[in-house]
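Have a look at this one.
Chain nomenclature is as follows: A, B, C, D and E, assigned in order of appearance, with residue numbering initiated at 1 for each chain independently.
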Amino acid sequence: MFAQHFPVLPIVLPLIGAPVCMLLARSQLAWLFATLISGFSFFISIVLLLTTLDQGVLSYALGGWEPPWGIEMRVDVANALVLSVVTGLSTLVLVYAKQSIDKEIDRNQHTLFYTAHLLCLAGLSGILSTGDAFNLFVFLEISSLATYTLVSLASDRRALTAAFRYLVMGTIGATFILIGVGMMYMKTGTLNMLDLAARIAEYDSNRTLNTGLAFILIGVSIKLALFPLHMWLPPAYTHAPSAVSAFLAGTATKVAVYVMVRFIFTIYGAEYVFHEMGMDVILLVLAIVAIFNCSFVATVQSNVKTMLAYSSVAQIGYMILGISLVTSAGLMAGLLHIFNHALMKGALFMAVGAVLFRTGSADIKAYYGLGKRMPLTMAAFTIAGLSIIGVPLTAGFVSKWYLVTAALEQQHWLIAFLILTGSLLAIVYIGRVLEVAYFKEPADPTDTTIKEAPVLMLIPMWILVLANIYFGIDTSLSVSAADAASKWLFQPAADLGAVR
Amino acid sequence: MSFIVDYYNYWIVVFLMMAGFYIVISANNLVKKVVGLNIFQTSVFIMYISIGKVSGGSAPILADGITSYSNPLPHVLILTAIVVGVATTAVGLALIVRIKRAYGTVEENEFKDKDALI
Amino acid sequence: MLVLTATSVAILSVMALALARALKADTVYDRILGVNMVGTKTALFIAVMGFLGGRPDFLDIAIVYALINFIGMIAVLRFFEYTATDGEPGDKEQSS
Amino acid sequence: MILETLSTILLISGAFFSLTGAIGLFKFPDFFTRVHAASVTDSIATILIISGLILRTDFDLVAIKLLFILVFLLLTSPTASHALAKSARHGGLLTLAEIRDTQNKDNG
Amino acid sequence: MAELIDLVLLGMLAITALRIIFLKDLFAVVMLFGIYSFLSALIFVNLDAVDVAFTEAAVGAGIATVLMLGTLALTGRKEKANSHTALLPLLVVIVTGAALIYGTLDMPPFGDPENPANQHVAPRYIEESPQEVGLPNMVTSVLASYRAFDTLGETAVVFAAAIGVLSLLGLPKQSQATIESGLKSHLVLRVVAKLIIPLILVFALYVQFHGDYGPGGGFQAGVIAAAAIILYALVFGLPLATQVIQPKLLKILASMGVLIYAATGVAGLFFGGNFLDYNVLASDPVAGQHIGIIVIEFGIGVTVFAAILSIFYGFASQAERANIQ
């Protein structure tokens, strides 16, 4: 009976869940409830993904008002894929969070944490599913506000300044998006994405529309931490509670990448953005600089969480690189990397969180000799780290492989070479941690308090690790979804509008 | 001349936006940053409302004897955006209060002296 | 109609003067006085503007203006009582 | 017609009083005299202008709302001015006469 | 005339904004921000956006200013002198501004009824909504029916802000009014406040239920009702206010409002419509729309009231705490 309402449920469920969670006084109950809600959203997202792979696009008119007048939810393969990643990671993180949060957050704030998490999930799902440009802004702000709260919940005082910086940058970004949407509305008189696409296609070059696009791209670049607008990200991910870092690293910036893809490919059309405005060169250069600069910075960090945060910025560079190749193969590699990166970064941040749980520190000194003391956690870290590097039989290898192939397809030998060199830097920063963990003696060998992480933290971590291996070997599901998504996005936007 | 009449509104609004934006990125004091953000956003709201204005039109509430109404859609959007803006302001100010308690200052350049940020 | 226009112009110029007072004030209190005057005159201005535009039924906004202006004033006073111990609000302002 | 004329007179005099108040805001020598100028003219201008507007309505809901605004402004505006002046007094602001007194004492 | 007033007001705004840049006294900055907000609300009235003006005056000028003052009370009034020159920000701003000016060059002229923005989607709202939704106020129709999902998101944003402030500042404990606070020396003020607060609450109810016919609605009503309690807390002290409206109650109310809104949407599902479809709520679509809009406006009002008030409580409790120490 409810199958036709599935496109809206991944948003509505957590949105209803959040206030209910707030009313549940006990931390345990709130945890159980939030996890169930998130799990159910995940289930629906998977159904949506399978349906869209099968049938193409699902459109849902909210309030029964037909699209350009009412708000439309529009789920196709591209957003169903990212939606599955977001809801899936959210569920795993919630399972993981129970013990991690117990240790890191004050007891009477636990329900607030779960409420904020659900709000964040609702916001991210909303950004992904919506087919309306202004509605996207509203959900962007829900998820951002919830994120600021989540980051600032950490007990470290530096989390406060990090959250504030995030808030200022995030609000500037959102306001830029608002300006851009306003300029688009000014010239077209509509807010529905497909309608926008059809009407923008009528102009061949327009200064207002160009400026609007530029503002949207800058705003989104702030949100997705594209170099050089990434400075808010490392402190926020470093000082946030571990569960929050694991969730955000895998989802928040990736959703922003999706928004960029949506605006470029669906609304303005690749032709307009890349050929008329020459955005591809700018994005390509920024992506390559991001990969190298941030990988270098990552190699000298002493805090492992900061290191992973910089590594995230570098990985975002790979995604943007894929997009800026302006081919279906490149876009597909970028989307695939969104999926795979969520798997590996989620696992890495969870492992770091587990170490933090036992040792109370994220400094690299705490990792001395951990290979013996927390073997399962460090094994997870190793495998996920190999995936970041791009070693064969891991998920990371698959996306790098497609990225390199996409570059070579265009005869961009230099870019392919740079992608491979970037991976070498990943070897350095991941290797540093592995070296101290396996080949150094612990600073205090008599300390017996440090033992393996609790089971509830190990299970979601290992699910992600196994997923890393699974999607490294059997690529049929992830690759076919990403491939379908990129083909879907790559058809000229105006045609999509005409279909309706 | 008609060029100026057509666009003067947008140009002043751009100036206002940039004044707000300048306060955000140049101010050292966090409270002033938040004030700047608010000015920036409020100016964007004026831009939106200008889009919806119809010369000779009236407020979009049905009344006898009025035929031309201004566009209600930007009004709705900005109603939403105002509330979003104040929500962000509230959270930002709450963060400032906590920062003051934790660091003893709300001047951005003084944090680095007290605590390596990254 | 002409009368209403004249009144609205007069109120607008009063607002401009009060704004000038608020922008460049000798003491904090003068500034608050200017702000208060801008607030009350705004409420009047909206009332007149409603008649000028031929739709006098939007007076609710004028009420809100008067109300918010009052609350703002009280908040300012509370602020003074609160900070009275650690700084002299009556000080001449250093910057201008 | 009579109403129209009466309303015109009320509105014009209201506008005149509020202008004098604004000028007083600049011309008067110290804060307390300025507060006096502002608040007294504020009240009289409010009464005059709003009554002038009421005469232009059909004495329906609009008139009631205007009356409500009048009552509200008459209650809050003097209260705010009073509280402000009192606060200034508490904050240690002196009137012009007192400043002169203290100066005389210092000199003599 | 409207264009002329627009120009004058915009000029005032520009001067105010310039002054704010150079002022170092943060108290003055906040006061001027209040004026800025007031003036921009006037511009909204002048450009026919009465609902927006209503909200901007109540939310922007009122609540934001009160919260900023509360923050200043806790963090100090003076901005420290800034030693480094702000060349880079200036450059960024000039480039951004130039881009925007470049963007304005192809914009449709200000106020032209033939603009694309006024042509495509909007005419339906203006021409059909009084019949389809049955309300004279088109803004309410679009807000609560055509774009109801935006508004649900907006309610969630307010709720999220309340969660954020709650987690950062906490709520005051309900005390037995042992600490005497408030403006106790201002007798006149206390008497007048006692008179006015009931009036404000009545006005809030009027705004809540008159929003279908005139400017107003759930947001504005919620803010005004919260403002009444804020006024009470300012004049008579936070402890007394927390006895009238208990902090615990606020948590429940804020959640309930969002739930009421979402439940209306879910009700649409059960009656066979889409999410937030009100047509199916009653046998006659227009009557259904009416029921739906009243219920969701009520939900919005409840959430906004509770959220704004709990945000204020959060700030006030910090101030109170600092005062005791």
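FYI, contacts are C-beta pairs under 8 Å (C-beta built on N, C-alpha and C of every residue); 3 or more make two chains touch, one makes a residue touch a chain.
Chains and their UniProt names: A = Monovalent cation/H+ antiporter subunit D family protein; B = Na+/H+ antiporter subunit C; C = pH regulation protein F; D = Monovalent cation/H(+) antiporter subunit G.
Just so it is clear, the structure is predicted and the values come from calculations on it, not from any experiment.
**Student:** What is the graph distance from chain A to chain C, where chains are linked when they touch?
**Tutor:** Contact-graph shortest path, chain A to chain C, evaluates to 2.
**Student:** So which chains are sitting against chain C and chain D at once?
**Tutor:** E
**Student:** When D-E is set beside A-E, which has more C-beta pairs in contact?
**Tutor:** Answer by contact count: A-E.
**Student:** Would you mind checking which chain's C-alpha centre is most distant from the centre of chain B?
**Tutor:** Checked the centroid distances; the maximum from chain B is D.
**Student:** If you average the Cα atoms per chain, which one ends up farthest from chain A?
**Tutor:** D
**Student:** Please compute the C-alpha centroid of chain B, do the same for chain D, then give the distance between them in whole Å.
**Tutor:** 32
**Student:** Centre to centre, by mean C-alpha position, how many angstrom separate chain B and chain E?
**Tutor:** A distance of 13 Å separates the two centres.
**Student:** Centre to centre, by mean C-alpha position, how many angstrom separate chain A and chain D?
**Tutor:** 58
**Student:** Between chain B and chain C, tell me the centre distance in angstrom, where each centre is the average of that chain's C-alpha atoms.
**Tutor:** That gives a centre separation of 20 Å.
**Student:** Among all residues of chain B, which ones touch two or more of the remaining chains?
**Tutor:** In chain B, residues 17, 21, 30, 51, 58-59, 63, 73-74, 77, 80, 84, 87-88, 91, 95-96, 98 touch at least two other chains, as defined above.
**Student:** By the touch rule stated above, which residues of chain C touch at least two different other chains?
**Tutor:** Within chain C, residues 32, 53, 57-58, 60, 63, 67, 70, 74, 77, 81, 89 contact more than one other chain.
**Student:** Quick check: what residues of chain E touch more than one other chain, meaning two or more?
**Tutor:** Where chain E meets two or more other chains at a single residue, that happens at 2, 50, 70, 72, 100, 104, 107, 115, 117-118, 121-122, 125, 147, 150, 153-154, 157, 160-161, 164, 168, 183, 186, 189, 196, 214-215.
**Student:** So which chains end up touching which?
**Tutor:** Per the contact definition above, the touching pairs are A-B, A-E, B-C, B-E, C-D, C-E, D-E.
**Student:** So in the complex, the part of chain B that touches chain C is made up of which residues?
**Tutor:** Residue positions touching the partner: 58-59, 63, 66.
**Student:** For chain C, which residues count as touching chain E in their complex?
**Tutor:** Within the complex, chain C touches chain E at residues 5, 8, 12, 15-16, 19, 22-23, 25, 28, 31-32, 35, 38-39, 42, 45-46, 49, 52-53, 57-58, 60-61, 63-65, 67-68, 70-72, 74-79, 81-83, 87, 89, 93-95.
**Student:** Any idea which chain E residues touch chain C in the complex?
**Tutor:** Result: residues 1-2, 5, 8, 12, 15-16, 19, 22-25, 27-28, 31-32, 34-35, 38-39, 41-42, 45-46, 50, 53-54, 57-58, 61-62, 65-66, 69-70, 72-73, 77, 182-183, 186, 189, 193, 196, 200, 203, 206-207, 210, 214-216, 220, 224, 227, 230-231, 234-235, 319, 323 of chain E touch chain C.
**Student:** Would you pull the chain E residues touching chain A in the complex into a rising list?
**Tutor:** On the chain E side, the touching residues are 99-100, 102-108, 115-122, 124-125, 145-150, 152-154, 156-157, 159-161, 163-164, 166-168, 251-252, 254-256, 258-259, 262-263, 265-266, 268-269, 273-280.
**Student:** Under the touch definition given earlier, write down the residues of chain B that touch chain E in their complex.
**Tutor:** Residue positions touching the partner: 2, 5-23, 25-32, 34-35, 38-39, 42-43, 45-46, 49-63, 68-80, 82-91, 93-98, 100, 106-107, 109.
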